[in-house]
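I have placed the structure first, in the form of structure tokens, so that the comments after it can refer back to it.
Chain naming follows the written order as A, B and C, and within any one chain the residues start at number 1.
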Amino acid sequence: MDGLITVEHLHKSYRISKRGKGIPGMLANLVAPKYEKKDAVKDISFQIAEGEMVGFIGPNGAGKSTTIKMLSGILYPDSGQILVDGKVPYRQRKQYVGNIGVVFGQKSQLQWDLPVIDSFELLKAIYRIPDQTYKRNLARFTEMLDMQEFLKQPVRQLSLGQRMRADIVAALLHDPKIVFFDEPTIGVDVVGKETIRTFIRELNAQDQITMLFTTHDMQDIEKTCKRLLIIDQGNKVYDGALSGIREMYGTTRTLDLELQTEVQVAPIPHVTISRPDDSNPRKWQLQFDHHAVSVQELMGFLLATYPVRDLNISEPEIESIIRNIYGGRQSE
Amino acid sequence: MNLKPYIAYARKSFLMRSAYRFDHIMQILSTCLQIFIYWEIYRSLYGSSIEVDGISFGMVTTNFVLSLGFSAGFYVNDFYLPQKIWDGSLVTELLRPISFRGRMLAENIGNGVFSMLFRFLPAFVIGVVLVGICPPESAAALGLFLVSAALGYGVLWTISFAVQMTAFWLVNIWSIVTIKNVCINILSGSMIPIWFMPEWLRNLIDFTPFSSIYFTPVQIYLGQLSGREIAGKCLLQVVWIVCMYGIGSVLWKRGQRKLVIHGG
Amino acid sequence: MQSDTIHLIGVYLKTTAKAWFQYRVDAIMRSLAVFLREATGVVVIYLTLMKFQDLNGWNVYEMLFLCSLLFLTYGILIIFFTGLRDFGNTVRKGEFDRYLLRPRGLLFQIIFVNADWFAAVGHGCLGISLFLVTAGKVGVVWNVGTVLYYLFAVLGGVLIQGAIFLLLAALNFYLLETDSLKELLYYDMKKFAAYPISIYSKVIQICMIYVIPFAFVNYFPAQFFLRKQDGAVYPFACLYLTPVVGGGVYLLAYLFWRYSIRYYKSSGN
């Protein structure tokens, strides 16, 4: 696969100051500070093809932001290669950044005291955006994100959701080929999040813009991305289709059973049986790995053996699967 | 009154200050340099004269070492309250079951002790080695000097306390704080000894709190004041502390009311 | 310079002005405060010389003429170098990330994104008024030569201080905190420079001429006009070298800056 973005064996470490506890620690630090090396990104490789939309997730401190900053040319990697659109981001900065857009959900690039439109005008001059392109993009994006009402308001008066929408538009005015989103929905309310997701999805579909997307909200990923990249402690843990992650890690099925009478459910091989609700002795919960136990056979057995009133099988939520992946690694 | 939380605040702010190690070394150097500059200037101004208006070169040097040293050691954060008003955290702070002003003072004491130990003391020692100062007039003078210096810090702090309260009404108090500091720098005698100021200015300064900050302790140290004068000047320091704290507290009460109306 | 670059500078200026004018009263107060703060040094010199008549042969007007150059150059400097003065803050707040993400030169952005007009007005006014009051009193003869000399000396003085700012800004890539270093290397040196270097001991004089060349900002240009025999020892050519020294140290600082950018550590979240 020939990627628009190619990352190979990326590594980056930081030196952090280590401080002792209490007043003795403070005095020791004043005299002889101690440092320790921390690997933010250990060894990460991946490729992203043109037009792809990739969700990039991991727990706090996993190295997501560091990776995004290296991809966008802000940080120099310690070792490894990055090639985006035929350019090395940190070496050919000026040529490179004209083709990308970056949204940092936690750091606005808008002028705090000025109306939104003033920041856009400034960006027009910075990116040398032709009049026509600017007008077209501005009209299109403000329409899509429903921004007319607050375009002339100072940024400091906007709600977080409004500000975030304006920030997203700010990163897109110059028609970037690639956009990096770092937590674009953080702190935004449910409706706002939905607006942003729809916008990102449409933009990817219509303009073939390549996108990499970090978030803590799994809903963001489920509703926008087909492909998922998971990193943890500086290493890549998973890279593949969103559906694939269920196949790999989410093989547990939960069967909720309600019987017509108070009958004891007898043990079944490879199935964990429990009572989810103490006050209702007719309710049972069965958990099993769907590779080890055939769903069809189990259901047939249950229906034939017990007076079943209701029965429901559920797959695990993607969120809990991811939590399990992190949890599993952390307890290693 | 339970003092525990206040001690915890003081301790915390003491520890927080240690984070910027490099900063402290630079500050100490900076203070020493300033002392050195004034020493050089006055060495040149004095030339071969032993005394000017009855003031010896040694006394001038002592004035600079002590007052510039104290201005490094007397910790005041003029933006403590304004910061909390701007970022909106004051409202939540007020809900805690402790006195905000008490906390403000506690954190200041923590910072102040740190500054005296790690800013004043090193600068003072280097200053003494580098340019030398007069010894204190007597052991009693030294003791009274320490008392008066503590009161001087009280004056400096309460002035800042009162000025900070204007943040309830103004968007930005940087200008007011700067003007306040201009007054302190010129009128406290830390940049030009009050002895050498023209008579009219000296008379004017008598009606301001500024000479109570550094100059009164310095005069006591040098034995320039009689027992009676010392009592008078120290009393004046106390009066200024009470005055400034009073003004600050009145503004504080009014400001809080304004905050409640606005905060909604 | 390309036309789109000039256009961008225009937009930057407009944006800065608009942002400042959001708070008009505050803007006036700030200029006044800066003016008063800077006047402190002048007041101290004035009061001191009222008592002592002269400092190492320099009378009050000559002293203030010496100071006027310091204020004037800073007033001009700060129009262009506010971004470098505040660069530590820019890095700490993570705003430098943004500069790196824009297809424009980094120094270009730092210089034009912001200008502290209050400091410029405050220092500029003080510098000009001191100059107007003292130039006549110290016996400067104005002709084409001296006017040209003066202009180049001011330019050189701006560049020398700009180089110090640039050097300090570049140090932000290595150190967590440079404010206190700036205090020491710039503001404290400037305090030294407010007085003739001849009053200082040899070590300081050498430092002011060869290490942090503040003497070229005001002492040597003032000496060019005043020719005071005050006992300071220096090569006579120094009187003419301010623009050369300015260009030289700025170039050095620029090379150091270019080299240091790779060590930038974006502040973590």
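One rule holds for everything that comes next: contacts are C-beta pairs under 8 Å (C-beta built on N, C-alpha and C of every residue); 3 or more make two chains touch, one makes a residue touch a chain.
From a predicted model like this one, the values you see are computed outputs, not experimental measurements.
Here A-C and B-C are compared, and the pair linked by more C-beta contacts is B-C. When every chain is reduced to the mean of its CA atoms, the largest separation from subunit A belongs to B. With centres taken as mean Cα positions, subunit B sits 51 Å from subunit A. The mean-CA centres of subunit A and subunit C are about 47 angstrom from one another, to the nearest whole unit. Taking each chain's centre as the average of its CA atoms, subunit B and subunit C sit 29 Å apart.
Within subunit B, residues 24 each touch two or more of the remaining chains.
For subunit C in complex with subunit B, the residues that touch the partner chain are 23, 26, 29-30, 32-34, 36-37, 39-40, 43-44, 47-48, 50-52, 55-56, 175-177, 179-181, 183-184, 188, 191-192, 195, 199-201, 204. Across the interface of their complex, subunit C is touched by residues 20, 22-27, 29-30, 33-34, 37, 40-41, 43-45, 52, 170-172, 174-176, 178-179, 181-182, 185-186, 191-192, 196-198, 201 of subunit B.
Remark: subunit C residues 4, 7-8, 11-12, 15, 18-19, 22, 94-95, 97-98, 100-105, 262, 264-266, 268-269 touch subunit A in the complex. Chain contact summary for the complex, subunit A toward subunit C: residues 14, 65, 69, 72-76, 90, 93-95, 97-98, 100, 102, 104, 106-107, 109, 111, 113-114, 118, 121-122, 125-128, 154.
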